[in-house]
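What follows is a single structure, written as structure tokens, with notes after it.
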Amino acid sequence: MSRITKSEIAEIVAEALPFAASLDPKIVRLKAGDVTVRMPFRPDFIRPGGTIAGPLMMGLADFTMYVCVMSLIGRVELAVTTSLNINFLRKPAQRDMLAHGTMLKLGKRLAVMEVSLYSAGDKEPVAHVTGTYSIPPRG
Amino acid sequence: MSRITKSEIAEIVAEALPFAASLDPKIVRLKAGDVTVRMPFRPDFIRPGGTIAGPLMMGLADFTMYVCVMSLIGRVELAVTTSLNINFLRKPAQRDMLAHGTMLKLGKRLAVMEVSLYSAGDKEPVAHVTGTYSIPPRG
Amino acid sequence: MSRITKSEIAEIVAEALPFAASLDPKIVRLKAGDVTVRMPFRPDFIRPGGTIAGPLMMGLADFTMYVCVMSLIGRVELAVTTSLNINFLRKPAQRDMLAHGTMLKLGKRLAVMEVSLYSAGDKEPVAHVTGTYSIPPRG
Amino acid sequence: MSRITKSEIAEIVAEALPFAASLDPKIVRLKAGDVTVRMPFRPDFIRPGGTIAGPLMMGLADFTMYVCVMSLIGRVELAVTTSLNINFLRKPAQRDMLAHGTMLKLGKRLAVMEVSLYSAGDKEPVAHVTGTYSIPPRG
């Protein structure tokens, strides 16, 4: 069971994460170490070629990892990205995007996660991400 | 000498890159394969801990790579990110950010680049990025 | 069904891949886009801390990706690594290592794969890899 | 000035790093956070296409990072790779390979480095690597 709730996440987004808020993310699945986030499509997400701008996909993946970390360790808002690696696999559709993140390894100081991104309704991922979050020492 | 001009870049940003436009990027250096972009600081770029949101830094690096590719091959707007890897090194200051991108290898179909991100005025990079862009076949 | 056989792979390893041969790899699963390779443990694989040397794990993952590509496109020996990203997750045991590789996206010129490495018998991966292979144009 | 000497490194390689020893590495430059290692060419380093096997290049880069870390923190043999990202840029020549590694950020627990690999005598790198090493807590 997740150690953070959907409404705590909504609070953090509204109060402290203006960039994530601009993606208007919806938490569709929230279990310990297993999280899915939906990013509703908007026409201003597009770039030449009709594909969704890469940084928005990276932002969605990064937010998903942040939620995934907190689903396991609770409301540690100061957890922060230390690295991210993304492979863009297929051209996304002009539809909502789903990000499914899972914890690969949760250590005391570093969490390593994997996120797959999908155009809503499609089986094959449009991008694959691995990343690490640093967990600050807690008193 | 760059094969694309500052005003062509401004045109593309204004007409086709709403996300990049939201960063309000300024091209401060534009040579063939050697590009520097400045992202002016805004308070809504911040996240918990007072650091600049990672996806904005990734977006700045990605835009810098796009400009870097076009500085060498001209106005090929359909060039698109295939992969990106970022290591966050130091906490950025609440100041403008500079991204310095250089071409590591320009092939016929794939361009590999390196981007270092700095808080304006600081010597040590706040993040280091490598990434690849796919170059579409041209008639 | 794999487009390359175990004995063709053994041939390539013996004739043209001295480094891979030094790992003494055994193909334990060979399906189209879904491959498992076992690397038998040897005491000279160890480094300080009693863990298996990182480059051997990277070599096992890289070989697994090579086999995975050929399981889908046939005996294209000139397919070559263009990038690899590895996260080391847990300390491996001093036992055989298994590498399970799957195809994330097979394009005309680029194949993107994912490989998870395990100490034989353990459920949790010791490392996670994503990588890309370049597929040469074929007449 | 490096906090470890060439002969201490040779000792570690001979006693505890059989894989690195198999590359027969020579330290050609050893300054604090700035290291160059040469890997002499051997015919059994080759793979199809006449290029040097990727894992050997990864091994050379990984060893260079290990030396780079110790050049700054001293003989901490238990420092270990946590992640590595490599982009293969150009086909190496059948010659010695040089790896030039520099420290991007040395933290208390994590060191982030960059390594460029060259065929001896050539200006353009054949591969570019970034990686992280974990530094164990010390009493």
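Labels for the chains are A, B, C and D, by order of writing; each one numbers its residues from 1.
Here, a residue touches a chain if its C-beta (ideal position, glycine included) is under 8 Å from a C-beta of that chain, and two chains touch if they have at least 3 such contacts.
Because the structure is a prediction, the values reported are computed rather than measured.
Remark: among chain pairs B-C and C-D, C-D carries the greater number of C-beta contacts. With respect to chain D, maximal separation of chain centres occurs for A (centres as means of Cα atoms). Chain A and chain C, compared by their mean Cα positions, are separated by 29 Å. The distance from the centre of chain B to the centre of chain C, with each centre set as the mean of the Cα atoms, comes to 33 Å.
Inter-chain centre distance (chain C to chain D, centres taken as mean C-alpha positions): 22 Å. Residue positions of chain A touching 2 or more other chains: 82-83, 85, 87, 132.
Taken together, the chain D residues at the contact with chain A in this complex read 82-83, 85, 109-110, 132. Those residues of chain C that touch chain A in the shared complex are 85, 87, 89-90, 104-105, 112, 114, 124-125, 128, 130, 132. Chain C meets chain D in the complex at residues 12, 16-20, 44-49, 51, 53-56, 58-59, 62-63, 77-78, 80-88.
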